[in-house]
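Consider the two complexes below, in which chain A is the common component and chain B and chain C are the respective partners.
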Partner chain A sequence: MTEFSSALGVAASGMRSQAQRLTHVSENIANTDTPGYRRKTVAFRPDRGPDAPQGAVMPGRVQLDRRDLTKIYDPGHPMADETGHYFGSNVDLVVELADAREAQRSYEANLKVFDQIRQMSTSLNDLLRR
Partner chain B sequence: MFDRLEIFMLASAQARHAAARQAVVAQNIANADTPGYRTKDITEFAEVLRSLQRRPERLNGMLPIRASEVSSPASPNGNNVSLELEMLRGVEADRAHSRALRVYGSAMEILRTSLGRR
Partner chain C sequence: MDIRNTLATQAYTQALPKKPLRAESEPPMRETFNAAMDSAIDALREGETQARAALTTGADPHSMVMALAQTELAVQTAVTIRDRVVEAYQEILRMPV
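Coming up: the complex of A and B.
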């Protein structure tokens, strides 16, 4: 039965990590027009903590995308330099939306596995009850 | 017929194997985006049965299951988990588990009936 609880913990860690990934995606989307904003990316890594079940995953360090910021031409902007340009952000909405969809798909897969494990554990308990 | 009750041992081994498989599926799905992670799978149930029958003494109730990495084409970040395949494995494990439990339950019923108890 303990392997059911550790498997549930693994699925829950997957859901937490995908939710965290989605948080960063929404931060990026919200700051698409913030001048000087660099998009955040996060890579997952295995969770080897003392009380983490074997195979659990956790978000690693948040990193900033090193791509060039877009140069926007707007002479009337308060931050525009002599040529009339200022630096926007390096967020690409299409990339962020695709990432959000991926994160949602992974989250749902984790949720489905969580539900399956819970059902298996319940039917095992029902058998013992009879 | 009732001295070893093979059917109970078989059903319980099948259920435990399915549970172990589901645990590995959960690991794979949780790590579907971890760079460098390779899909894991466990020994097939037929193989487990064979090694159990070869050594009739039970290894103190534990099943001889081994997890190994599956080699398949990896994505650029080194991860080779396929979500669709994992969902399929999860459903298979689920069905094998409920099948084993049902077999166990029916065998219990037969035993109870033959004892004259309802």
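Coming up: the complex of A and C.
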């Protein structure tokens, strides 16, 4: 029983991490047109907390992408400098969409594992019931 | 007097003190069942707490789903074991004396 419950915990930690990753992706997409916004990335790391099961994953610290901000020419913009340029965000929508899709796929994989663990333990109980 | 019968009785009385029905170090069946039921009830309580937290304070839904799945498994196991125990007890009761 403990193997099943720790496996459930690991799958749930994977789903939780992917959900948080999707949060940052949606922040990036929402701030595509925010001047000076740097896209947020999050790297996963193993969760070694006291009540986390062995092998669980958790999102690490949020980091900012250090790529150069895009320079946009718009003399009428309030933040434009003397040459008429201002710095936009460094978010690439294509990258963000790919990241969101990857988060969705990983979430689905964890969900499938979760469901499979439940099915396995249920069929183990069914064996006992006969 | 049937010799084989006497021999069997002797062998049985010799074997009896050597092999008790249950080892002294083992806890009684009742305690084992109690412990199993207690852990199932604990899982149930944990699932209820998580569900209440998720619905009222907006806690992590993943934790709620995990706790509810564990509750389901624990209750299933408890019910299955109870059924087996009751079945065994009824089987003993049906034995012609």
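Simple rule for what comes next: the second predicted complex is superposed on the first by the 130 of 130 C-alpha atoms of A that agree within 3 Å, B and C clash if a C-alpha of one lies under 4 Å from a C-alpha of the other, contacts with A are read in each partner's own complex, and residues count from 1 in each chain.
The rule is short, and it goes like this: a contact is a pair of C-beta atoms (placed from the backbone, for glycine too) under 8 Å apart; a residue touches a chain by one contact, two chains touch by 3 or more.
Predicted model only: the values in this text are computed from it and were never measured.
Judged by the touch definition given at the top, the superposed model places A:7 against chain B, while chain C stays out of reach.
Of the two partner chains, chain C is the only one that A:125 touches; chain B does not reach it.
In the superposition on chain A, no contact is made by A:100 with either chain B or chain C.
In the superposed pair of complexes, A:19 makes contact with chain C only, with no contact to chain B. Of the two partner chains placed around the shared chain by superposition, neither chain B nor chain C is touched by A:80. Shared contact residues on chain A (touching chain B in one structure, chain C in the other): 4, 8, 13, 114. Of all residues in chain A, those touching chain B in their complex are 3-4, 6-8, 10-11, 13-14, 17-18, 21, 43-46, 54-57, 102, 105-106, 109-110, 112-114, 116-117, 119-120, 123-124, 127, 130. Chain C contributes residues 60, 62-63, 65-66, 69-70, 72-74, 76-77, 80-81, 83-84 to its touches with chain A in the complex. Across the complex, chain B meets chain A through its residues 15, 18-20, 22-27, 29-35, 37, 83, 86-87, 90-91, 93-94, 97-98, 101, 104-105, 108.
Taken in their complex, chain A has these residues touching chain C: 1, 4-5, 8-9, 12-13, 15-16, 19, 114, 118, 121-122, 125, 128-129.
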